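If you scroll down you'll find the structure; I have some questions about it.
First chain written, first letter: the chains are A, B, C, D, E and F, and each begins at residue 1.
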Amino acid sequence: MESSSIDPSLPGVRQLQSWIREATPLHIQLIDGTRLGGSLHWQDPEFLALQPEPNTPVILLGRKAIAVIRSLA
Amino acid sequence: MESSSIDPSLPGVRQLQSWIREATPLHIQLIDGTRLGGSLHWQDPEFLALQPEPNTPVILLGRKAIAVIRSLA
Amino acid sequence: MESSSIDPSLPGVRQLQSWIREATPLHIQLIDGTRLGGSLHWQDPEFLALQPEPNTPVILLGRKAIAVIRSLA
Amino acid sequence: MESSSIDPSLPGVRQLQSWIREATPLHIQLIDGTRLGGSLHWQDPEFLALQPEPNTPVILLGRKAIAVIRSLA
Amino acid sequence: MESSSIDPSLPGVRQLQSWIREATPLHIQLIDGTRLGGSLHWQDPEFLALQPEPNTPVILLGRKAIAVIRSLA
Amino acid sequence: MESSSIDPSLPGVRQLQSWIREATPLHIQLIDGTRLGGSLHWQDPEFLALQPEPNTPVILLGRKAIAVIRSLA
């Protein structure tokens, strides 16, 4: 619960927002080696919400657990 | 013990509150690969309290150890 | 050494205090997979002090290394 | 989302900026053992943007997941 | 480099100071599973300085890497 | 990017500065088990710069990834 807002001037936040806006298919790797696919629904300072398929419930990914995010587009 | 409150305007906090309110069955994966199931009882800035079965004692999960939370509903 | 006090209004801190007060037998899992048993003697912002048996020296557990705490009561 | 700016007076930030400016080929190792190659496109407080090949989409690397960065130049 | 001082009122800091003062033999386990023995020479907010044998150079242990500290006394 | 300066009054910072000044050969172990040797060139709040051999490019080591630093002198 570091801080309660994200800074839209940061390139990382903007890159994530762009992927959210365009529902870009992504490959995400966590620091424990877990690999997940889907598109991002929202971001906040603690989590990214990943939607594996359209109209399925989101999965919360701990932001500190993120190692790599790749666009598949 | 980062900060002593959680920000209810964050989508992640709201998503967790919604799962707490509705006792949604969840699958939680920690960064060490541990997998647990149950519903959430409360959240605070350091822990999530998971109840594996109704009327059993809660299990504390270190919030920084959370990698993935999925709804099973 | 994040901050130098713990917030007694947090449910996680209160749950830990309750387990400390009642010397509840606990099972603690760290993020590296280490599992330990005993009861808690005190908590501070950086460590939990675990007593494996009554009248034995405490073991310090890094609070950030905590993944799961379960009551065995 | 620690803080929302990076401090250009730090030698680490300057070293990274120098590698970004010169598109130095790098080898990056994450704390989970993942190894990646490419050049850096930008840095912000949360991520490094790695470009494996010129004119390919960037890959976001969680800054906290970085263990080692070596220049291959 | 969280903060630049440690709080002597914390029980964990006091326990460590007591072990430092009395050169108590300790067993320390890091979150990657590394196990080390020796006595502590000093603590600061980022590191513990471990002396494996008297009159040998200290070894710095990242405080965030500490999982378990046990007294062998 | 915790804070933008290091506190020279800390014994850990001073020990690192002394090793930097004297180009002491060191053995460094990261929390993922990686082991590296060399001498330190500079430190900042986020990274240590390790030089495996004189006049080779520095390697950046994430300060949070440091588990153990031993002098080989």
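We take it that a contact is a pair of C-beta atoms (placed from the backbone, for glycine too) under 8 Å apart; a residue touches a chain by one contact, two chains touch by 3 or more.
Being a predicted model, the structure only gives us computed values, none of them experimental.
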Neighbours of subunit F that also touch subunit A are D
With centres defined as the mean C-alpha position, give me the subunit A-subunit B separation in Å. 19
Taking each chain's mean CA coordinate, subunit B and subunit E are separated, in whole Å, by 32
Among all residues of subunit E, which ones touch two or more of the remaining chains? 2, 31-32, 45, 64
How do the chains line up around the ring if the path leaves subunit D toward subunit F? D, F, E, C, B, A
Of all residues in subunit F, those that touch subunit D in their complex: 1-2, 4, 30-32, 34, 36, 42, 44-47, 49, 57-62, 64-65
Subunit A to subunit D touching residues, read off their complex: 2-3, 5-7, 9-13, 15-16, 29, 31-33, 45, 63-64, 66-71, 73
